[in-house]
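In the two complexes below, chain A is the common chain; its partner is chain B in one and chain C in the other.
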Partner chain A sequence: MIAVIAMRDFRGFIRDGRLPWLGGLALLLLIVSIAVGWRLQSDTAAERAATEEKGYATWVGQGPKNPHSAAHLGMHVFKPEPPLALFDPGLEPFAGQTVWLEAHKQNDFGFRPAQDATGLRRFGDLSAAYVLQLLAPLILVLIGFDALAGEREQGTLRQLASLGVAPSRLLWGKALAIGAAAAALLAPAVVLSLIALYQAAAVGALADNLARLGWIAIGYGLYLGTFLFVTLAVSAAAPRARGALVALLAIWTVATIVVPRAASEAAHAALPTPTRIDFMNALGVDLRAAQNKALEDNFHVKNASQLPMEEAPRALRVDDHAGYVVFDKHYNGLWDLFERQRHLQEWLGLASPLVALRGLSTSMAGVDLAHQRSFATAAESHRRLIQDTMSDNRIAAGGSEAYNYQASPELWAKVPPFRYEGPSSAEALASSWPNLVTLAAGFALSLLAAVVAARHLRPF
Partner chain B sequence: MTPIDASLRAPSAFFTILRQELVLLWRERSLPIVLLLLTAVLAGGLADGLQRIDQKDAQLAAIAAEQNKQWDTIATMLKAAEEAKTPTPYASPRVLGLSPANRSVSLPTLPLAPLALGQSDLMTNLLRISGYSEAQFLYDTDIENPWRLTSGQFDAAFVIVFLLPLLVFGLSYNLLSAEREQGTLRLLLAQRVSPASLALGKGAARALALAAPLLAAPLAALLLFRPVADASALLADWLLWSTLALAYGLLWLALAVLVNSFGRSSAFNALALVGAWVAVTLVAPITLNLVVDTIHPALSRAGMIELETEATDESARRNADLDRVDYSRKQRPADGAAPPSAMAMRGKNMQKEISERLRPWVEEYEARDQTRRDFVDAFRILSPAAAVLEGMSALAGTDADRYARFRLAAAEFFRDKTERLQSRLESGVLVTEAEFRAAPRFEWSEDRPILLLRGAWSLAQILVPTISIAAIALWRLRRIPV
Partner chain C sequence: MIKTRRLSKFFDGNHALDQVDLDVEPGEIYCLLGANGAGKTTLINILLNFIPASDGKAWINGLDVAEHPLETKTHVAYIPEQVTLYPTLSGVENLDYFVTLGCGRRFSRDRLLELLEEAGLDRAAADRRVAQYSKGMRQKVGVAIAFAKQAKALLLDEPTSGLDPKSANEFSRLLKTAADRGVAILMATHDLFNAKQTGTRIGIARSGRIVAEIGAREIGHADLEALYLDAMSA
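Up next is the complex of A and B:
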């Protein structure tokens, strides 16, 4: 009976044009988004890799030079774009993608891609995640709002009841039909994603990326399932199809448009981010204090100018190491603040499954704060390696020449090229399981609501 | 028998319908609910905008105060040194360059900024001039959690662009279809009321009700919580901004009338309107963005970094003989001059060389950026949501165009400063207090006509489809199925 109901409804979706029109649009957007993401990703990855490689070649080919000057040239490193970013670009457009590893100074990420975009970027990025997060639930609503209310209006619900069709069977039949319609739209996108993933993922990383894609599929399944059962619950409870549609559109608007933005703004109002000026001023005050203390502890002087010039290289090393502690304190504090803001946003956004889904999706796609922070930490370690290698050489070989010492070019090659490996899927899941639990809870609640509404289904 | 005066009947019917409709909407509670929702989300949007812009203003004021203080401190020290005839290191020509007293250039916020935050969270109103070339500071940003940037803003412009249409639908998706479904449409038309008068009266009731909070709330927020320097300019900007918001609301109302004119069910109308909303606010802008990225892609940042690394390395090689410290050199100026150290000359030479090498890239980037913005300006008529958001941001001074003009002005200031300093540094002639005080400082010059023109262009892009849809709807209503 369930299959018969599902088949009849599925044919109805095709006949009344809802599935071909709505689904066709969504499918087209999904295919275009994946194709565009695929092309952009391969172009960007190749360009970034080439720039990083040339930067390293410039570093190695500096010729005889003072190591201090060499450290000031530094190098730029790029965060590699994970293969699943073509499915969900997440924070990538709004988080800088490169870090300049410069002497004495930890730099923030530079150049957010969204900076180079037009004002239209604020409407969102065309990606598979965008289509599935915003448009797919709307399609479920538009396909399913009259699933039960429409039957009641047309009087067919009474006929079905008189034929002995249990409300639960009717509910599952309707759910199967709407679910099948959604699956028909998603299947090509999943296949395309798998092909793109296979092409983009590095050898050895395919299994990890497949695991990530699996968790993403579970997350989106729970999310869309929640909307499916909410749609059926409202359709069962509403006296008329028109009322069900208006109520469901209001739910969709609040859940996908209003709550994510409102929760984000509320979280940031409660935990404000410092301005760059305030951040740099606080960092500067702590740096000066730490460096003065280090100078006094190591050399018993208050000012570096009081030191003999032979001590300058060692003083600079002491200075840099005092700075490392301060940079760690301030930058870790900033990352921690970002995480607290995100957690608060997720708590405030419990009313919308989209907030939890975004957390899970970006984490499993490797484009969330944790992945960004992991890269920043690795980049800073490399910067310190460059700094210490240069300082050690100056101390060991500089002698009385102080600043005017010139190192031989072999020194530059002692700094290896920057290599970065991001967190594994297991690590990503460890940080985003609360989102999965929230999604599962939302799904269970919506299922419960649909079952309860179906039990109280009035045939007229 | 007195003939019926047709010229009086229509307006009279129109006002009767308008009045009755307001009463009915109020009694059935849909109007108070929608007004409450609109006022609540508008208040939330205004509070968010005010908080963000107040924070920005406080930051700009603090920086300006700090720079003025440092400026006065240096001038006072120069004066004291001149009076005591004692040389001071502050009299070095370097002080005319980018000393802490004039290192930051700022873009003031405009009175309407809290209404439309636009690009203000992505672009910075404060550039700290530093580095070897303008490319190193022009594209700086403030610190922000990427989650917040990804989630988007909840300002008044967001409420109008995204939520207002849905509230309009809530009140008008069944404007005529409900009457038909209840069987009252036939009765109404039998009263010699034309379908057009009926739709216009009903539409006007909704437009008037929604216009009240749309007009009052932003103006009240600006007058109560923002300093008003020029009341007439504020009123002019607000008038244009509000007209944009109203025209956008009318566009959706006209569409609701058009959809109702097809004589289909209320559920069909709701579906059609939501479909149009999805197409206009969600699909069209991102598609247009995709098109502009494909036809006029932004210049590559990786390319800029590559060029910068190359230029720095080459310049360092050219100035290698200056990369040394003369430990026997006197630190204090003497004989009215402060000849630059080798390291200082290396720094200045490298700044000049790298800056010149990167300038074509900066110019090409800005030209491409302008082309991209021009393309969007021309084609955003395809998405009234994009047109209204861009227009509101332009009037609020938070659109990409104003930030681009700010970057150009900052780049020009940087070039002017560094070029004048180069020759002065070589001569080593000490700076006097009078000369220091007369040195140019960055001042932003607002181009109001451009802002108003951009706002008016957006209004025209909204009015064209609004009037067209309204005209088609009224034409179709002549033969509405009852």
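Up next is the complex of A and C:
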């Protein structure tokens, strides 16, 4: 009986033009967003690999040189774009994708695509995640708002009730029809994503990326399922289809625009991020203090210029190591602040499943704060490896001719190319399971609301 | 088959039904006459459990309609004054849908077309979308839905409203055939002529009460009209 109801409704969606028009538009957007993302990703991945390879070739091909100068040349490393970023770019366009590993200082990330974008970017990027987060719930609303209210209004609900169709079966039939309509839209996008993933994922990383895609699918399933059952609950309770539509559009606006925006603003207001100038000033003050103290503790002088020439390499190393602690304190403090902002935003965003979904989606796509932090930490470790390798060699060379000393090119090859492996899907899930729980709770509540509304369904 | 005892319904303190006792036996066509607001539709709505009774009880095939809302529906078929169908489906698709849900099994297309034909809808119209149907054509699909179910009881609320005289006459014939098969029929109507022609027993309702009841064979057209007018003016 449920299948019969679902088939009738599905046929109705096709014949009244809602599915072909709305669904066709959403499907087109999904396919375009995935295809464009796929193309961009494959182009930029090749460019990055080539640039990084060239950068390392420049490093090892420096010729005889003072190690200190080599450390200042440093190298540029690139954050590998996760394959699933083509589905959800997350922080990628804003957080920067490359960093210059230079002596003595931890540089900020560069190359943010958002910096090069036009003002239109303020309206959001066209990505599959954007389509599924904002447009797909709207399409569910537009397809399902009259599922029960419309039947009541036109009188067919009375006819169905007289035939002994249980309200619960009607509810499941409607849910199946709308769910099938959504699946018909999503299936080509999922297939395209799988092909793109297969092409983009590195050998050995496919299983991990498939696991990530699986969790993303579960998250979006719960999210869209929540909207589906909220739509049916409102449609069952509203006396008129028009009233149901108005109520559902209000819910969609609040859940997808107002609450996420308000939660983000409130989190930033409660836990303000320091300006770049303030951050750099505080870092500079602490660096100077720590380095002066290290000089005093290790060499009993207040200034490096008071040291004999042969102590300069060792003093530089002490100075750098004192800096590591300060960099860690300030940058970790900043990352922790971002994390606290994210947690607060998720608590404030409990009223909207979108906040939890974004957390889960960006985490499983490998484009969230935690993945960015992991890369930044790995890049900084590599910078310190370069710096320490150069310093150690210079100290070993010793003598008063430290500034004239030239290391042989074999030294450069002692620094391996930067290889970054991000967190696994299990690690990503471990940090975002509260979002999954929030989504599951939202789904369960919406299902309960729909069942209760259907139980009180009156034919007129 | 259809039975009520002291059945009452109040809306905002007003009696829509006031202690109605009714029995419709298998093979009987009970025509309930009455003006608008006499309580005819309210009685049918309670029998279908669309609305709860304020007091009293109603049974179909021995089952309390309030306690067994779904089971009683397996024994009853209903034709409203305005049969509502899905406009994007054809007549035969609507019939297929409702009959499958009502009977729990699928009928062949030939059988569905036969049912529509028996209800007076020609085959050419059966495949047209219902959005293009007149009220009478929709009513015929409603009749086909009700008869396909082969229920033990039929509840009809002004079913011939909108039907042309020929179709109304054909509908009366279908009701009599059903009654001959042992179906109990309760038909609410304004139409005295139709009630006299079709019914086996006629009740007259006023202000929620059945104020007169008579066998259809015991009274002529003119006398029925006089009795009705008397009851309305009392």
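Things to note:
Following the convention adopted for this analysis, the second predicted complex is superposed on the first by the 459 of 460 C-alpha atoms of A that agree within 3 Å, B and C clash if a C-alpha of one lies under 4 Å from a C-alpha of the other, contacts with A are read in each partner's own complex, and residues count from 1 in each chain.
Basically, contacts are C-beta pairs under 8 Å (C-beta built on N, C-alpha and C of every residue); 3 or more make two chains touch, one makes a residue touch a chain.
Remember, predicted model here, so these are calculated numbers, not experimental data.
Legend: residue contacts after superposition of the two complexes on their common chain; A:Pro459 is shown touching chain C, with no touch to chain B.
Residue contacts after overlaying the shared chain place A:Arg158 against chain C, while chain B stays out of touching range. More residues of chain A are touched by B (comparison of chain B with chain C).
After overlaying the two complexes on the shared chain, residue contacts for A:Thr51 are found with chain B alone; chain C is out of touch.
Residue contacts after overlaying the shared chain place A:Ala270 against neither chain B nor chain C.
In the superposition on chain A, A:Phe338 contacts chain B only, with no contact to chain C. Across the superposed pair, chain B and chain C touch chain A at no common residue.
Across the complex, chain B is touched by residues 22, 25, 29, 32, 36, 44, 47-48, 50-51, 54-55, 58, 61-63, 65-66, 69, 73, 75-76, 78, 90-91, 93-98, 108, 110-126, 130, 134-135, 138, 142, 145-146, 241-242, 245-246, 249-250, 253, 257-258, 260-265, 268-269, 272-279, 309, 334, 337-338, 341-342, 345, 358, 369, 372, 402-404 of chain A.
Residues of chain A touching chain C in their complex: 1, 4-5, 8, 11-12, 15-16, 154-156, 158-166, 458-460.
Chain B makes touch with chain A in their complex at residues 41, 44, 48, 51, 55, 59, 62-63, 118-119, 122-124, 126, 139-154, 158, 162-163, 166, 170, 173-174, 265-267, 270-271, 274-275, 278, 281-283, 285-290, 292-293, 298-303, 305-306, 309-310, 312-313, 316-317, 320, 323-325, 327, 369, 372-373, 376, 380, 385-386, 389-390, 393, 399-400.
The part of chain C that touches chain A in the complex is made up of residues 48, 50, 70-74, 76-78, 80, 82-86, 88-89, 97-98, 100-102, 104, 142, 145, 149, 155.
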